[in-house]
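Some structures are shown below for you to check.
In what follows, chain A forms one complex with chain B and a second complex with chain C.
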Partner chain A sequence: MPQPVQPVTAGTPATSELAIEVLGITKRFPGVVANADVNIAVRRGTVHAIVGENGAGKSTLMKMLYGMQRPDEGEIRIDGKPVSFSSPSDAIAAGVGMVHQHFMLADNFTVLENIVLGSEPTARGALDFGAARRRITELSRTYGLGLNPDVLVEHLGVGDRQRVEIAKVLYRGARLLILDEPTAVLVPHEVEELFQNLRELKNEGLTILFISHKLDEVISVADDITVIRRGRTVGTANPHSTTPRQLAELMVGSELPSPETRSDTVSDRTVLSVRGLTVTAEGGRTVLDDLSFDIHAGEIFGIAGVEGNGQSELVEALMGIRPIAAGTVTLNARDITATSTRNRRLAGIGYIPEDRQRQGLLLEAPLWENRVLGHSDSAPNIKGPLIDRAGARRDTERIVAEFDVRTPGIDVPALALSGGNQQKLIVGRELSGEPVLLIASQPTRGVDVGAQAAIWDHVRRARASGLAVLLISADLEELIGMSDSIRVILRGAFVAEADPATITAEDLGAAMTGAGTVSGAA
Partner chain B sequence: MSTATATVTGPDAAPRRRGSRLSPPLLIAFALGAFLVLSAVRAFTGGNDLTSSGTIAAGLSAAVPIGLAGLGGLWSERAGVVNIGLEGMMILGTWGCAYLGWDHGAWAGLLFGTLLGALGGLVHAVATVTFGVDHIISGVAINIIAPGLALYLTKVTFVHYPGGGQKQSPPIGDAGSITLPFSDWLHTVEDKHWFAVSDLAGVLGGLVTRLSLVTLLAALVVLASAWILWRTAFGLRLRSCGEAPHAAESLGVNVYKYKYIAVIVSGALAGLGGAALAIAAHQFRDGQTGGRGFIGLAALIFGNWRPGALAAGAGLFGYTDAIQLRSSSAVHPLLLLMAIALALVAIWQWRTGQRAIAVVAVVIAVLAVLWYIDTDRVPDELVGTTPYVVTILVLALASQRLRMPKADGRVYRRGEET
Partner chain C sequence: MSGPGATGTVNRVGPLDRLRQRYPLRSVLLGLAAPVGAVLFALLASSVILSLGGHSPSHVFSTMLKQAERPTSFVDMVNQAMVYYLSAVAVSIGFRMNLFNIGVEGQYSLAAFGAAYVGGQLTGGGPFHVVIEVLVAMLVGAAWAGVAGLLKVTRGVSEVISTIMLNAIAVGLGSYLLHKLGQSSGNNIQTKPISASGQVAGLSYSGTQAKIFGFLFVAIAVGVAYWFITGRTRFGFRIKATGLNEQAAVASGVNVKRMTLVAMLMSGGVAGLVGLPELLGQTHTFSQTAQSGLGFAGIAIALLGRNSPVGMALAAVLWSFLGKSANQLDFIGVPREIAAIMQGVILLSVVIAYELVRRYRLVLQQKDVAAQLAAVPATAANQAVTA
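Entry: the complex of A and B
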């Protein structure tokens, strides 16, 4: 029995049997060190969380544990024995299974087909559907997964799909499950169901490695926590004696800023004025009903609401992407109701779209080309009729430095960046060129605390210099902390107004469902 | 301020849609209805060729090449590779069949034609799977190269043999056929021209009289494909490459290997279809395939990428092909049949809310009826287009609920994120 090395500060179990150990793993990519001397010890039959910012090296670590990449240095031990995986098949054979963040499922296959694919039971040359069905039903019962083997996956919700992914791994006999950001795609009650599943798996003696940056979730489900910062293990924590804030500070490595913007910078000058804005969907359904509001220079105007109540339509209408049925939009006293999207941007609207990968970036294009995107009409991106490569590249370097975009260079494609760094690039781009109005839709969604703080900081500074901001966010703390005034949107209409200085997240949440009462209801 | 509780649902509340597959009793009722309409039209118009055993037999043998090409498309597209080169692979099959077939017998020809088709498939696989060439471009290239190559080889090989020429091969022997003993009796019944009864006798008679062994082989290939693709582990893996190749790869399925196998089998089946065509015509001729590879693709789409429905589609196209080949006068009652079918489509589409399609169908139906009343025959110049017109109509009106394999036509590269 090899003596488990004391990898990091404190809290490492010396007596418990270890399911997996990571000893001094280092992984370098051209231009970056993704992991440097990472040490982790995971006790058998526990949920072990690995937390870190986006881009801290969690995913690289997981890929090495699952055989998708090989470490440059260091050793991985499973049940005390050193292993070397050259492909996921080796990892599966050693009892390691991975539940991917993006589901790897065929929609047009049944649950059964998805689970058995690649290791099918056969009888007389044919796939033995009976045996497969029995095995899956048994698995489903043992671990409380509640799966019906004969349903098409396309009919399943996100939570069920995730359980299919878990079943796939269990079916292959995994004793160690790696879950990469499993809660990113789930709604709260599905998260609770997942945690229930994880507890049952744990009770059956399985070991779970849980990657996340959602700290409250980690604290609620994990038995041990290892924190990774910039590719290094910086410490372990006991979830019973740690607060999310302490964990976050360990993760970021410094004191956390909060989203407060208490200094008052709101001026009298109206930047955006919306009157009677109405949008109808195909079929005549009203999705935005007679909205009127003003946003002043130096004001952050927050909109709270359950997703799907007209927020996306409002943003698209303001950007000129979606046709409006009635109403006027005025920017700096100029009527832009009938203006094209491009001209609206030229008039000084910056736009952080809610889906950065689909609407905000060209994933295959290098960072500097993404910098030019949407700003291809103005300096420093053009010189005469041509793209000014040198100028654009120089300015991209500036954004990378100013907004702390962690990247090996400005020639890597945007998809090589982690989500938080992609978002910082977009924020940097949209705050360039002195916009007068910033439309920020979910600016920090899926972004770790460090990047979140950086983004808040930049928006706050721009606000101080007179920027008007329309902020739409599902993160109520962010909304309350950042906004100068808040409206609650429900079924396309403002149903309440809230004062961010006094309202609590609970009250705001209640108002969003139409249940609570807030001061000044419309 | 309202105090109503929230009724906002999440965006992932996926609606449960019913599958589009028909249950067996419904299918039988459907076929029976179609048969009765057919025999009613036959009785009403006196176009006895509509259900004569000769037409059915000819339709069946015309359906074989189309069906085999479509089946080739099924294999390839189920593994995610669009194979528009079926036509070219079929041409290779017709030539290959003639090359060995004229002096070694039809079965040797069949084998060699299949082999050449497989070779065409291999070229497509190398281009699309290994080099990531766009599937359509590679397929079109094969369609352009194959006829030229076949013509060149014909000039090199066949010219000096008896019956061979610049554009055709010497005659190929017969592949053999079987006739069931009660077929004479069926012919007697058929000649009475009784409503429904004689029609049934005609259809059955067409199926059991001088049934080509190649047709039997084709039927077996359809059944075998269905079993392999839907009942074996191999088939599951192959289909997974067409639905979610990245998921398949993550489970240890060698996607490249399965795509290669699928595309080569696809070519082999198209080649077999071409060989069947050459055997039915008893020789290779330049331009013999006449777009049957493409009609095979249409049958594949009509059949919703499933072998049974694909065979039915091939049967439909083969039948219309046979009618126009047998007698141009039989195309005339087909107008009426078409009008009835369109009217039914219109009713069904109207009820499912597809108003625009229903209206279009009604308009075409009315035009077809007017045409039928106003004329005695369809001009000979148009008769030959019948199968193609039917192909377009069927695809235009029946293609709303189709579902192709999800990753079909996309170039797959190992390790690349989607």
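Entry: the complex of A and C
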């Protein structure tokens, strides 16, 4: 078998075939990772994947390609000609388009309006939607996007929204599309549709830069793969002769962790008991419909589901942040249905919120004050009605050491840390003070593989000592590997139950869309 | 609860090292850069304006400084600064929670009226006379601010809008009550004068008959309490957390609505004190000639002092110096409005300078973290290569 992974060297294809070429790009940046001597050659009419851990420098690289940042050294060539972008509009003018991970669409606009927004066609000073509609219909047909220009975006699903974003970029004449983690928000069958679209775009001669850290997807869709580690291009790989594992090891530079927690620690002592939990949104729409479940000491209870099917509402209802319409919540045989968030925390609920920066941190406050956040009523942070600064600082030092938070000290503001280290701090904080229940919402989203393994380890250890965990994750492997039991949530109700020992990610993904039955159902 | 290892390492560090570690020289200098830079810039800007008007900047500044040295104007300045300070503290309590209490103006004028009226009705009562006046003022101020707080919490009305409107209502209500409950003296209407037991004696200052208001001690106490509550207590932490990130505060168990109401009440309570130094120390009666505009000055001073108890004290002194020393400028033929220009320029440049310094500091801190961490991955990467 030939060596599947080659280091980046000269001798890449002739320049004329290259749609974009990155030569020795270096970016010194006041963040945690900079790009150093990055070299990428992207052949025209191919899907080129760039893989790397979070924080490896993919985003910085993309921002430079899209004109949002300028490289300090090196050169970017498009169609063989050196370019220098000072803003995204320069990039767009050069035929480079970016599809962001988070959609930037106006819900109350139609597909057509969203696509033309910012480059509205005019005829004699008036908006000319007729021309735009013809153009969009044509684009949609050529590339198989299947868009109806007159539908309101709020009625579209995630996959369709993404196609609108793609159409938006194509409408502006892009020949090179950068897709930043496009599959992060999609369920498996939507991923397949996206890949079909990408193949059609490719067949029409467009070039696609595909950024991801989901390696099996990369291998299935890409023609070439470039691996980035710690800001450097460490190699290229041929997807036909590389396994995900080899790629991952190249990405991480070491052996891979796995989320397995096979030893059984589930006890029969119920920690959290939820009965008939119902939550309605403003306007009376039911977002959580009569949910009942128990979580036992030592059990990790996983919830799988496409985002927006009631997971956030469930977490917020359990934390007492969102009012509930009906049902009861019992923690260690104590009814906490009407208890305040503060008292729920005091009763031993730890909470890792899904959006750590918005809900879990005071970004501009030092780490030790972030240690106090959410725990300003319990030891070691308090001294009567006062904050025990010394105690809080000491305990922050402990978390930094035990959870391997990479920081020069506990007086730096939280925003100076990388995402993974911020998350380790939060996990450390929420596992402090011997909680009885941990509500973990996307606990490893957007953190690198090393931090992910550390977080898994800590949760596993806490589980072994009797912690009950509610785990909500979009990472199905994490969910299957960590959980002792899994429920699938769809439109606010549990629609299936899965046995993590036997279910595959594909089956679970199908169940999440309501498409398939769960083969491993208990 | 904490790991034994952590305790050991912290204890080995001496107090001086800890101080140096917590407040590195660079961060202290950065902290000073903004206010000092802003004042210098304001001096420069006003020099340009003065020169354009054909006046000598150095002459103007020395006249202002000389004026400040005169005992009478010095006392006047201290008195004004303490009033400004109280107003600034009231405003900054709201600021900490991202609440913009523009209504200090209305809160203190109603509170001063209430204290003057109740104080005038009471006779005797010994030391309680003053205590009752202070309590009445704080309650009235808190109640008036509480209206805005309630509206915000229950109906989602922006406190900016409601406090501005409440200011207008307070003016009308105040003069209505004054006509209704006051007595006329000459062609002025005022409340019944407060008897001696309800007055606060002033402090003498050599070289002048004027007295420093005895309320100075109250202002200092308010400053210390403000520092203590916001910086050291659990309650203060919740306020800070809410101000920095409301969503995170909610997720960590802070009842934001209750905190909003409490912060408004506290802000109004302190605002109630603003009119008292003059009332209890000098005029002993409330009339329509009572000083106005203190609430708005408080907003400027709180901004200038960045909500810090010490910073606001310095800002209050500076503000008062500029305002009072300008009186003398008329005598040398320079329009005294130059002082108002300086106040404005200082405020604007401080706000800008702080933002610049804040961003610069964040970049520096991120660089530090990156530099510190670069050492670790570099070795790890090397190992990976050799492996």
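What we mean here is this: the second predicted complex is superposed on the first by the 264 of 522 C-alpha atoms of A that agree within 3 Å, B and C clash if a C-alpha of one lies under 4 Å from a C-alpha of the other, contacts with A are read in each partner's own complex, and residues count from 1 in each chain.
The definition used in the following text is that a contact is a pair of C-beta atoms (placed from the backbone, for glycine too) under 8 Å apart; a residue touches a chain by one contact, two chains touch by 3 or more.
If you're wondering where the values come from, they're calculated on a predicted model, not measured in any experiment.
A.B. asks: So, does A:S241 touch the first partner chain B, the second partner chain C, both, or neither?
C.D. replies: Neither partner.
A.B. asks: Figure out whether A:L415 sits in contact with chain B (first) or chain C (second), or with both, or with neither.
C.D. replies: Both partners.
A.B. asks: Once chain A of both complexes is superposed, is A:G157 in touch with chain B (first), chain C (second), both, or neither?
C.D. replies: It touches chain B, and chain C stays clear.
A.B. asks: Looking at A:F109 after the superposition, I want to know if it touches chain B, chain C, both of them or none. Which is it: first, second, both, neither?
C.D. replies: The first partner, chain B, only.
A.B. asks: Of chain B and chain C, which one touches more of chain A's residues?
C.D. replies: C
A.B. asks: Name the residues of chain A shared by its contacts with chain B and its contacts with chain C.
C.D. replies: 415
A.B. asks: Along chain A, where are the residues that touch chain C in the complex?
C.D. replies: 30-34, 229-230, 253-254, 319, 321, 340-345, 351, 353, 358-365, 369, 372-377, 379-380, 382, 385-387, 389, 391, 393-395, 397-398, 401-402, 406-409, 411-413, 415-417, 432-433
A.B. asks: If we count contacts the way the header does, which residues on chain B are in touch with chain A in the complex?
C.D. replies: Chain B residues touching chain A: 1-6, 8, 10-14, 16-17, 19, 227, 231-233, 235-237, 239-240, 243-244, 246-248, 250-253, 403, 405-406, 417.
A.B. asks: Note which residues of chain A are touching chain B in the complex, please.
C.D. replies: So the residues of chain A touching chain B come out as 88-89, 92, 100, 104-109, 113-114, 116-120, 122, 125-127, 152, 154-158, 168, 187, 306-309, 415, 495-496, 512-515, 517-518, 521.
A.B. asks: Quick check on the complex: what are the chain C residues that touch chain A?
C.D. replies: Interface residues on the chain C side: 1-3, 5-7, 9-10, 21-22, 232-238, 240-241, 244-245, 247-255, 362-370, 372-373, 376-377, 380-381, 384, 387.
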